[in-house]
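I have a structure I would like to understand better, so I am pasting it below and will then ask my questions one at a time.
Naming follows writing order (A, B, C and D), and every chain is counted from residue 1.
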Amino acid sequence: MNALTLLGLLPLLGALLVSVIPNDQVIRIKQAALATTLLVALSAILMWFNFDAANTSYQFVQVAEWIPSFGINYAVGVDGLSLVLILLSVLLTPIVVLAGWNESEGGRWSAKVFYILILVLETMMIGVFAATDVFLFYVFFEAMLIPVYFLIGGYGSGERAAAAVKFLLYSLFGGLLMLASIIGLFVISSKNGGATFDITKLSEMHNYMSSTTQNLLFLGFFIAFAIKAPVWPLHTWLPDAAASATPGTSVLLLGVLDKVGTFGMIRFCLSLFPDASKTFTPIILVFAVISIVYGAFLAIGARDIKRLIAYTSISHFGFITMGIFAMTTQGHSGATLYMFNHGFSTAALFLVAGWMISRRKSSTIADFGGLQRVTPVMAWSFFIAGMSSLALPGLSSFVSEFLVLVGTFTRYPVAAVIATFGIVLAALYILIPVQKALHGPTTPGNENLADLNLREKIAIGPVLAVIIALGFYPAPLLNVINPASAHVIESQGFSDPLPSEGAGK
Amino acid sequence: MNPYNYLYVAGLLFTIGAIGVVVRRNAIVVFMCIELMLNAANLTLVTFARINGTLEGQVTAFFTMVVAACEVVVGLAIIVTIYRSRRSASIDDASLLKR
Amino acid sequence: MVFTTPVLNYAQLSPILIVLAGAVIGVLIEAFAPRNARHNSQMFISLLSLVSAFAATVSIRKQAGVDAAMNSVAFDGAAFLIQATILIIAVLAVFLIADQENFTALAAAIPGSQEERESLQKDLRVTEVYPLTLFAVAGMLLFPIATDLITLFVALEVLSLPLYLMAGLSRRRRLMSQEAALKYFLLGAFSSAFFLFGIAYLYGYSGTITLSGIQQSIVGGSGNDVFLLLGIAFLSVGLLFKVGAVPFHAWSPDVYQGAPTAITGFMAAATKVAAFGAILRIFYVAFANAEWQWRPALVIVAIITMLFGSVVAITQRDVKRMLAYSSIAHAGFLLAGVIALNKSGLDASIFYLFAYGIATLGAFAIVTLIRDAAGEVTDLNRWSGLGKRSPLTASVFALFLLTFAGIPLTSGFIGKFSIFSAAYQSGSTAILITGVLSSAIAAFFYIRVIVLMFFKDPVEDGTSVVLPSALTAIAIAIAAVVTIVLGIFPAPLLSFIESTAFFIR
Amino acid sequence: MVTSNSLVYLIALPLLGATILLLAGRRADKWGHILATLMSASSFAVGLYQLSAMLGRSTEERAISQKLFSWINVASFQVDAGLLLDQLSICFVLLITGVGTLIHVYSISYMAHDENRRRFFAYLNLFVAAMLLLVLGDSYLNLYVGWEGVGLASYLLIGFWNQKPAYATASKKAFVMNRIGDMGLSFAIMIAFATLGTVSFVGVKEASHNASQTALTAIGIMLLVAATGKSAQFPLQAWLGDAMAGPTPVSALIHAATMVTAGVYLIVRSNFIFDAAPTAQLLVVIVGAITLLFGALVGTAKDDIKKALAASTMSQIGYMVLGAGLGPAGYAFAIMHLLTHGFFKAGMFLGAGSVMHGMNDTVDMRKYGALRKFMPITFVTFGLGYLAIIGVPPFAGFYSKDLIIETAFNAGGAKGIILGGAALLGAAITAFYMSRVMILTFTSPQRWDEDAHPHESPILMWLPMAILAIGSVTSGFLFARGDALAHWLQPVFGEHGAEHSEEHLFSPIVVSAMALVAVAIGVAIAVIKYQLSEVAATAPENVSIFTRIARKDLLQDSFNEAVFMRPGQALTRVLVKGDDVVIDGAVRGIGRTALGAGSALRTSQTGFARSYAALILIGAIALIAGIWVVTQ
């Protein structure tokens, strides 16, 4: 069987395994879930080693007829872009399982349901990135909402039901717009050489569209992705969802699911509608830049630590979007790498924040204080995660953020300049909570908080290690990403701007 | 006589019937108005049969009568039941189900 | 004038004849069999006749022709598919009807009277519901295959009259049930008057009562266009009334709510299939060449129907009313298939009808299970926390809601996709956009119910989930399985429909 | 260029130290400080080894480089993790590791009673590593890593006692203001890449020959912004005073000797850009001149010994920036002043730490007085540093500062006179406020709090002070003799480096004389004001508006608060509110509209069959009308 399909099936099998374990053997359930996710992670790493980075076409391809009446195939394959994102998903999942060992306990339903949902979600995450058939992508895109919806609404805290509904409605709305566009594509393809959903074949279809059609179809896709990624002003679901979800769910939500949005922009918006992408680039850049600054300001003003992290993500997604639409290799590679790095730094932030909250029973930043003395390991973990979030050089986010900025600057200097102001704001939105929560005198109620236990240390360790390692040595990922980015830029008919002074005065 | 005039009459009858359904409260009267509409249709059919010189219209009219008779059976059964329950044949009284 | 002896092709009529025979036997049983033997024998006869009718349809599926009854009916691929769908739904509906808890013991008894109490004590059964069902089914089988206007009208009445009665058979809230019967009857009769009036004008226009004759007249263009106009308009009123399209929808929420739930399910599913079967045949066969006349009007009706159904459903507090408005919205979606007026529109409509019919029946079957001491509980507020009390029931209901909402991996999604793409293929961008928009609105209330069931705490008011009877359980299980299987592997059915569905002229 | 594979040890050793200490946690409490000191010392040893190796090579081959690995490599954007050790960076390497090691030694004793001493040493090692990366990086992006790395270390060390909210705030302020400067560096790198296609020093230098002045000016200005942030130059100087919240050794190492001079390094390192961008160069000297006066003025009003020294640092770096901005003539002098300043200012800070150590951590000079008797060693070492900073021959500051003043005068025309005048005025004010510090602390009558028991510090503390004092005395002479440093650095600046300009406004002797007169005036005023008259133990309130402004750091914080902070906070509040009300409000509004529409349309379902019939009738008529309209 195809390696990629197998990878996607593994978590489902795990879910099946979990479902047959009796409800009262909670430990067994957790162990089974952890073992499955670890196995998936290892398999994905193995795939990464077998991936031929120099080859820009899809690899590990499998195509099987699914719904021949509509030309729909089960078609999967990965290029550098999707491989990186699949890696991100499957690496984060075991960490989430381990880090949120007790997350399932405050929920409406049993631990079993929780882990089944997580495992099903993992399958869908792999599927959504691996799909090379637009219809298949859409199916995963929509279907993955359901487990997340139940994870938020069933195991979250606070206004969890409302947040889950808001998340679902936003996403469904976007999804339906995309469905309209997909139908449009389908009809156009069936009128021009046979119905198909194959991404490669569909990317020829723009030749048969009027510019109005192309613009409309582009918007259908883009709005769906802009909701997912969240780009200002379609972001308001994210803080609510992130604040209500369990930390683990938030990690998957912000770390992986939202990446589907930015992934989709590259994979679908750009390649299917090159002309429309060009038309809308200025507007999108404006929105991206607004996201960067706006998200940062709202993060500065946030009182709740989870909302704060959510707003920082909005800012970061602004960077990613900007990098994508800058149409330079640096911007693209930076954006892709940013997706990966943001996954890890947000994961670290959310996990540590989750532990802080579960110990303190409050998510208000002001309730913390002086944690650096009480719980040094936890405080340090948060600090390093925060530093990564503000893109401190030497940590992974810096590389990607700088690539995005430099890549944008060569083509759209104004956008890059405004975005760069975001790095000052980033310093504020990280250091303010650091000061309030970690520094200062120990606030009453915090004196006896326990520091991270061994399990938590094991969970956060790899995340921080990845953050630091990729900061110094991003080559393993960049080597995979670069050919894919270059391919996208080239197929868009762009080439990187040459140094303006290179040829002499 | 111009057969089209029958069409006008039929149209008039249909309209009267339809308006009757809308304005009358008593279920029986409403039902009678519907019968009027059916008969307006019958008249139309017959007229067209005449105009077109084919028989189908008349055949249809016969079928309609049979069907209308069946409708009466069912309709009266329902109306009578509801009258027995409510002691009223006003269709406005039967408005529990709304919104 | 020469009368020819009618030549009947009994094989092609056999499904209808079998069902009618079953109905007649049922009447005889009602008349002669002892009271305590009636129920089981009636049920047996009903199922037997329905199943054999189904077998008969299947056995003659390859036959096609208009000569079954002197050009009065046509048997073709589309007819087979629709009849088969109706029969499958009818079998499932009989499973539900068999759970006699829903029905009054003595329909003639005055609500609250001594007579009624006695009949309840004696545990009497309204076994006449079985022959009524069979008569209705016979009408439904005839309606979509009728090719002349008389047969159409007779079939319409044969399917409607039993339903009027069945709507009044509820055991609880009998006043409402009777009111539903009255409203359904009066408005139904009112609309059939329009229908008949339309028949008269079409006859006047073309001088013939066969659909193919009308089509030829339209092609010939010799008739008086005013008659055609009036004919199409009045006929449409009758048809649109049956499917519950706005503004001819007003009966359906009231009747759906008042009728016994099993009957509501049967009505919502089977009537819709039959009526759309007829609409498709009439519009595709008779009126196709006059599309420039009726299409704009129908587009507007479809748009209003989709939007109205979705918007009003949001505010409903009664589950049956909510499903009624949802079925109005779905009528709008189905009209999109009529408007498409192409082969894919026909295929899509048939698939949609099958998927939607089965799911609707399943959803109403679930409604019959939620009860308190006074019978079914349809107030949505009292459904809150259902997921906690009975996770399986709630999950299956959620599944049906998701398929109504058109979430991928359910049959509803495939249906929606195929029907909208057919509509867009024929150039109806407006339908596509409205469809997507109203799907988004519709998602709002489906999700609200899911939230209610899963994310709200149960109210302790004696509402409970009864164990479904074996037959109900089977019906629900079949519906759920069909919904999922058609969501994941729709290809066999789709290609079967694609290769089978056609209209003979 | 000669390649080497041992440069990395310079950085790796302290980095290893920091990593071990941070990961080991409390387990390293016993030996952490020793390990850290050893790591720093070994790095110094490697530096010395590299120096001797360098001396052994011919002038052209002195610069060596090491490529570690390919760091960021995307299409035309190629940055290696590479190190470059040349005549300029070796100066810094030795300063950082040398002074750094001394300060490590000092801190062993100074921090002995702090329960988190291990962590302190970890930060110190981290700082040393980052600072070495800053000066060793072979490209602007590598420099940037060190640049922010030292910012991080500085943040951690300023906030070392962050349990005090004010200290935590100070550290945050330092980081944020530094980030504004860092933004400038980002811009510079982006412009460099966009215009020149490379960000390595070698590459930019090559490309700058062909580049337009516009591009180079833009890069230069952005580099200047970066420098103002890191080196606490006007207008990003406000953080330095607050940074004194950190333990005193930190102030000595980071906020006097090394990190704050990184801006000067950056400008000097980018000499090829500034040489070709006169506008940017002009801005550099303006910033330098303003800051040297600004810092000096602030210094006159500070009663906190560390803040007075911090203001002095700001002012002295102003001199360096001024020197660096004067072009080829000034680079070497800027570096020379940087090095001598490293000695004397670090020494004085350590002295201040020693005083505080003896005075229960009091920092208010008005509570000092007459400490000469109780802390003789501190007095002597501090005094030597004092003589060096005010520029008394033959102490180090005399040589280095004099040369800058002289070069400033030689800048030509009005510019020369203004810059020279400013530098001269600065020298006078420096003499005044440093004398003030000296007098208030050591020679004036005692004004201690009752529980003060001043005593000399232990050897581990005074030994580093003594060594630095020796540096303060001798370094200037050593560097200036025969233009030794200038010649040494010349290959870095190209052919025209170190050449004295042809026209002399004043001869060197005259400049020295003027400087000495200025210093004498400054000292005299201080003596009259503080030695010869009574000094209040608490700062008088009824002072002139100028004093008040000076005490408030010339209103820099008030300005920043009024212009940036409060509007920023207001904007944040508006946006937070707006996000909820406007954007989310719009979303909720859509939901409410749908609900409202639903409720409104629901009313059409009246429950009366007759109204339904009416609806059907109307519908039928509408349908007919609709079809009619289309048909016509």
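Here is the rule we use: contacts are C-beta pairs under 8 Å (C-beta built on N, C-alpha and C of every residue); 3 or more make two chains touch, one makes a residue touch a chain.
Predicted model, so just to flag it, every value in this text is computed and none were measured.
Asker: Taking each chain's centre as the mean of its C-alpha atoms, which one ends up farthest from the centre of chain A?
Answerer: Taking each chain's C-alpha mean as its centre, the farthest from chain A is B.
Asker: Please list the single chain whose C-alpha centre lies closest to the global protein C-alpha centre.
Answerer: A
Asker: Hey, how far is the Cα centre of chain C from the one of chain D, in Å?
Answerer: That pair's centroid distance is 79 Å.
Asker: Can you compute the centre-to-centre distance for chain A and chain C, using the mean CA position of each chain? Integer Å is fine.
Answerer: That pair's centroid distance is 44 Å.
Asker: Give, as an integer number of Å, the spacing between the C-alpha centres of chain C and chain B.
Answerer: 25
Asker: Determine the centre-to-centre distance between chain A and chain D, using the mean Cα coordinates as centres, and give it in whole Å.
Answerer: Averaging C-alpha atoms per chain gives centres 37 Å apart.
Asker: Which residues belonging to chain C are in contact with no fewer than two other chains?
Answerer: In chain C, residues 182-183, 186, 190, 194, 253-254, 444 touch at least two other chains, as defined above.
Asker: Going by the touch rule set out above, which residues of chain D reach two or more other chains?
Answerer: 602, 605, 607, 609, 613
Asker: Taking the top-of-page definition of touch, could you list the pairs of chains it picks out?
Answerer: A-C, A-D, B-C, B-D, C-D
Asker: Touching chain C in the complex: which residues of chain D?
Answerer: Per the stated touch rule, the residues are 591, 594-595, 597-599, 601-602, 604-605, 607, 609, 611-613, 615-616, 618-620, 622-624, 626-628, 630-631.
Asker: For the complex, which residues does chain B have touching chain D?
Answerer: It is residues 18-19, 21-25, 30, 91-92, 94-99 of chain B that touch chain D.
Asker: In their shared complex, at which residues does chain D touch chain A?
Answerer: Checking each residue of chain D against chain A gives 22, 25, 69-77, 81, 141, 144-145, 147-149, 152, 155, 159, 162-165, 168-169, 172, 175-176, 179-180, 182-183, 186-187, 189-191, 193-198, 207, 210-212, 215, 571-573, 575-576, 579, 583-584, 587.
Asker: Please output the residues of chain D touching chain B within their complex, sorted ascending.
Answerer: Going through chain D, the ones touching chain B are 602-603, 605-610, 613-614, 617.
Asker: Help me check something: in the complex, which residues belonging to chain B touch chain C?
Answerer: Its residues touching chain C are 7, 10, 14, 17-18, 21, 27, 30-31, 34, 37-38, 40-42, 44-45, 47-49, 51-57, 59-60, 63-64, 67, 70-71, 74-75, 77-79, 81-82, 84-86, 91, 94-99.
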